[in-house]
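Let me give you the structure first, and then I'll get to my questions.
Letters are used for the chains, namely A, B, C, D, E and F, taken in the order the chains are written, and counting of residues starts over at 1 for each.
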């Protein structure tokens, strides 16, 4: 009994016609995991807050002039937490994302801490040989191990680098060793100022043909999203990110993405709405007919 | 794809085996409506908070020694809001509850403001000739009209009285006219002190054979549930309510109920957890094998 | 007993000399109404938060070099809520605003949801034949009816258009039908980017001689005001709005305005202070000696 | 223009007929002062929160079967803050309360920190030779000086003792020296357990004929009021306090009182509503016809 | 430079004379760990909130008539988080607690989730052959493994049972299997009602001569402490707990304890103050001269 | 016992090697004082929030390419509050800062309200004959006395002017008299727009050789820091402030500074993190090797 007297509870509040798994091109995978968080905690509540906020979005995205939901978007229940440690959780994510990809879906992973991206990147990289990763992040995330684990959120891009080349945008926090690694290897990691100087097209052109986007919301300025565990002033603005995403989408093929690190209790609710709209925007850009 | 690597998102986080509409004896109807609220607002977020909180309850209710979920509990999506005014909303609720009853379901309505009970009571009363209503409430709710509408939350029990006899427990706030009506008609409305003096069995014995329970959470003391729009000190405690409910269930047949007025942002999250546990408890009591 | 040992409780904390109704050119009308809200709720607490915040503003507005309070500002008590539905509420607002206008006052309506603007626009339009409306809003608000009512907040500008021509600034969310209507009729609705391209003077020049301003605070970027029920990223900044208002005031006659949709519990208190300062600023601009 | 389409903004939301200074027997004096707070801060927002919350109380107090507002209740604007230190503030309070008493009013002082009681007690004691003080408090407040001032909140009852004998109820926190003073002088300071053992009548009988009540809300258990700067577990319950107040009122004459220490941001809003109802209750008891 | 113009930042805000490690009999070990939390998260912020709140306690505990700080209380910095999974964290805790015990200290572990107790119990049990554990908890915590780990918070008492016999008080939530285990083995696990029926002395008499207390704050009623991840209505009250602790202390020797599960952002600050006072009280009872 | 299994609790979470008083070039002096606050209160919690937030900063500041902690940073306990009034508190601050300066330390004062800067400026000015003050502030702070005290936060720069010349940046709120004083004396007080027009170098060049920086965080736009008692829209951005600070540091010698007015409960936690990073940045700039 889910007729139009009811308001559906799924990403974008879609009716069954667009939300059923079988008819949906896109699958939303919520991963409420934050066990390695070293700053403020609470990103486990992020996926739910994003899905809840998405229910009041307009289905027409005036910013790109399309209705992304028409490809169908199925929202999975939340992936269960594994208490045994982050490696077991990353494995579970890789497994589930892999099954979804093998089933022909476009997978959107909602964190949770940035660590969840490791499983998603691996699943995509194994199935897409020449994958490039475009990372939005305030932090280098290049530690080889942190607080006793190579699967800490602080190691996310180091792990991702083992699967695919990574271009990062938003960098403004790193340890000396991480900064050394960036310079030594010439990693294309851009601070907001460097990104503005280079321009969106330059970033897009460095990416391979197929692109996975991993979006740690702390790449954005805290004025845009304060609700993250390790905020850093001096970040990216919504309009800048919108333009970069549109540029990448127009020149490359986006095959999957994640949006992570929203810790709703640490900022105003508007932050969840931004994350929902960002998610919907990237779906629209990636699967534009 | 909803195997055991996922955590179901429905009341009590039940797997499909127990949560599918067809197999479920119980249906949860969330009604996020609070448009006539005259105090603090926000009970529209109550149903979602209760369902969310229910996902971390133990399925075994040690307080009554049973597993209420075994009868099957289906959670509907949220009933859509009607912006035209409270009468249209009450009509919609009555219609939906009626259809569910006609389909053989035991209906649990989650408010939203207490007004939602009017539709639910009407639907039950039309199908259960000798229905009694047991109301938990801090307020008399006996105004004939309030702020321009006979469907204000302040008129809930006045409207209910038009459908069935009402016994109320928890009374500690009323206008002079309401208090006059109670005395004049000899309405069985009990303050917490009067309830303690009378005892649970006395209340149960005044009810007819079939009982509908309407539970405005402000009947409870604010120390138990602060997250209501019009809290009143000096209310009922959890153990008292538990005992009364058990007594009623052992002597009468409970045919439906609602839990209303949780406005989550006005108190600690523990309040939503209490409301979830209360809901689960009444299901267990009403449908005990 | 209200000598200078006390701190007056009214808009701008003015002493009786400037706050008495008879001596005041400006009247603040607080309308704590939010019954048709479809997103997050709480704008009913907006008027109180704005008045409270205004009590700590400096009376000299350094941004425009004047002391707006000198024309006298009277703060009315809050308009009572009508529980019967939004049409009855809109009628009440139109009636009260009309009486104030007929009494020679400059009326400032503080919402509450944007719906309250419909009553205020009607009252002004009936008394000012060639009135133009300048609307600040993130949303088109052009639905003919929404969730069962033509007086939903989502229909505000559609209703306003029935009274006067509307120029809107801040647009970044609309349904396909709304967007179609804008294009079809050539409505002058500007996104933030389009506004920046056009410039403040272009906007001002399209307005008629007398202007009513309806300000839905979600026109601003959430970094400026997060405390709204339906925030949208990519909005206007304070300095941009300040410049547009100053330009309009220097070229046209502002005859009344409203500030709506502040839902204080959804963002930091600084948002209420911005709304108070915005209100004071527009008073200063409209009634500059 | 304040007809019945408006909702008055004063204690109990009274119409002019009952709220005008000249017709009112009772005057509410809000004192938003918290500059000596040594724990968590914010009681300066208490008076406003209490008045705001009072606007949604029923005017009939079913607990005592009367309508306290009928004697008239005028709400003053907030007393201005004196930045020069607590002694200057206490002097200002004493001065204002004195003028109100000399004008024949029954004065209700709303704090702010407990220090504000010193001024109020002094003003009453000077005009009521045999005044007794009944203090509700979790703390002894008997330090002679604290953190450099004899007017710290921690010295309130020590200062009060210089004006009149004090009976205290609710004690459960004191320094060794304070405890020594209580034992040495045999001060009638009762812990909650001691109060329960003694009974309300015993407390009432120790008071003189005319009584001033100073109510630091932390006397109540944090389950009743968590929103205080220095909460202590194990406090009084609403029903106990209600009974003691009724007993005192039936045997003695209450000539004035204060309610202090509500720091609204430290607990749920229900706490402000309790404080409002407590204030209304004491007015009803003190001035029962 | 830490003379009396400064306010020390350690448990109870003690001056160096009482706070230096070498002079202190008691050591506070803060463990901000919550990685296995399955309900609401945030107990990692508990230790800091407790220490912060303790800084405004009176040093004299009027409830037991002593000054517990006189034995000396040293506050360690927070134990670093181990991201590798809960077993590694439990090992670290056991190691550190063991070293402190071997250094002759009385160790107070502040969680963090209840899991931290496993390490502390193990360290004590290895050094105290006939140790009994007195557990305060709302939940059975008897699962052998949960969500993939035997070191989940839901397994705490199952793990503790492997080190020492356990008596539990406060039980009101358990799965069927856990309840079966309790009945099968005849484990002395008491619901609040059973505890009230049995009495404090009966509980104390079942304990061995030396007792370790593990205190999960959710044993208390949510009206006393709402700020826990998995609150359950119908819990223990402060006065009941105080009496039980005093009874145990008067008949047995308390050799160590922990206070866990405070998640400060989930309830009012008063909850942290209760936890601080509880900690100070147990120190006072355990080491009463 | 503070080995690497622990996380130090001091500014930047430094190990003893860098945090011990004797080895540290920099001393952090937390001053939790907010007794003259006339807007929203709570800056007394600012120092603690800043220190807490600093514990999760990266020690390498990628923005300036250095590791500021290497000069050593000692964090003092919080300066005790003086309840006697603001003058006594200012004297205490001047005394302590003076002693630290005489001991060869670089002093960083963390407020608390802006008033605390008066003591710090005096101590520096007495020891640095040709000191210039660079003030960041939204308000003129030029009142000679406010609400009964010349040591109100609203008089801070007036008092500072008595010790040294002041250049202010961020001005956008002032009373008519203050604005008059600025124009009359030609004080170099810059609004954000004026600052942008003048450029960072122009500001730096007007300063003397040795500079003290007093940073009222409300100079920043509320989108950057909402958690202040008297926020004003239209303020400075992080990147602008960063550039100005770098320019000043490269041309002048910074001898001390304060960061004040963070009231953590009034905005998201990200605001404390910004304040921590700002503090660390200025240390890095001032003491760059």
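Convention: contacts are C-beta pairs under 8 Å (C-beta built on N, C-alpha and C of every residue); 3 or more make two chains touch, one makes a residue touch a chain.
Quantities reported herein were computed from a predicted structural model and do not represent experimental measurements.
Colleague: Figure out the least number of contact steps between subunit D and subunit F, where 1 means they touch directly.
Modeller: 1
Colleague: By that same contact rule, can you tell me which chains touch subunit B and subunit C alike?
Modeller: Where subunit B and subunit C share a partner, that partner set is A, D.
Colleague: Quick check for you: after a Cα superposition of subunit C on subunit E, what is the rotation angle, between 0 and 180°, in steps of 5?
Modeller: Resulting rotation angle: about 180 degrees.
Colleague: Using mean C-alpha positions as chain centres, tell me how far subunit A is from subunit E in Å, no decimals.
Modeller: Once rounded, the distance between the two centres reads 39 Å.
Colleague: Need the CA-centroid distance for the pair subunit D / subunit E, whole Å please.
Modeller: Here subunit D and subunit E have centroids separated by 37 Å.
Colleague: If you look at subunit E, which of its residues touch at least two other chains?
Modeller: In subunit E, 38, 80-81, 221, 223, 268 touch at least two other chains.
Colleague: Going by the touch rule set out above, what shape does the chain contact graph take here: line, ring, star, complete or other?
Modeller: other
Colleague: What chain-chain pairs meet the touch criterion?
Modeller: In this structure, the chains touch in these pairs: A-B, A-C, A-E, A-F, B-C, B-D, B-E, C-D, C-F, D-E, D-F, E-F.
Colleague: Over in the complex, which subunit C residues touch subunit A? Could you list them?
Modeller: Subunit C residues touching subunit A: 38-40, 139, 171-176, 179, 191, 193, 221-223, 226-228, 230-234, 266-268.
Colleague: In their shared complex, at which residues does subunit D touch subunit C?
Modeller: Residues of subunit D touching subunit C: 1-2, 4-9, 21, 48, 52, 76-81, 92, 95-96, 99-100, 103.
Colleague: Along subunit A, where are the residues that touch subunit E in the complex?
Modeller: So the residues of subunit A in touch with subunit E come to 34-36, 38, 41-42, 44-45, 80-86, 88, 146-149, 151-152, 265.
Colleague: Help me check something: in the complex, which residues belonging to subunit A touch subunit C?
Modeller: Touching subunit C from subunit A are residues 56-60, 62-63, 67, 221, 223-224, 238-239, 242, 267-271, 273-274, 277.
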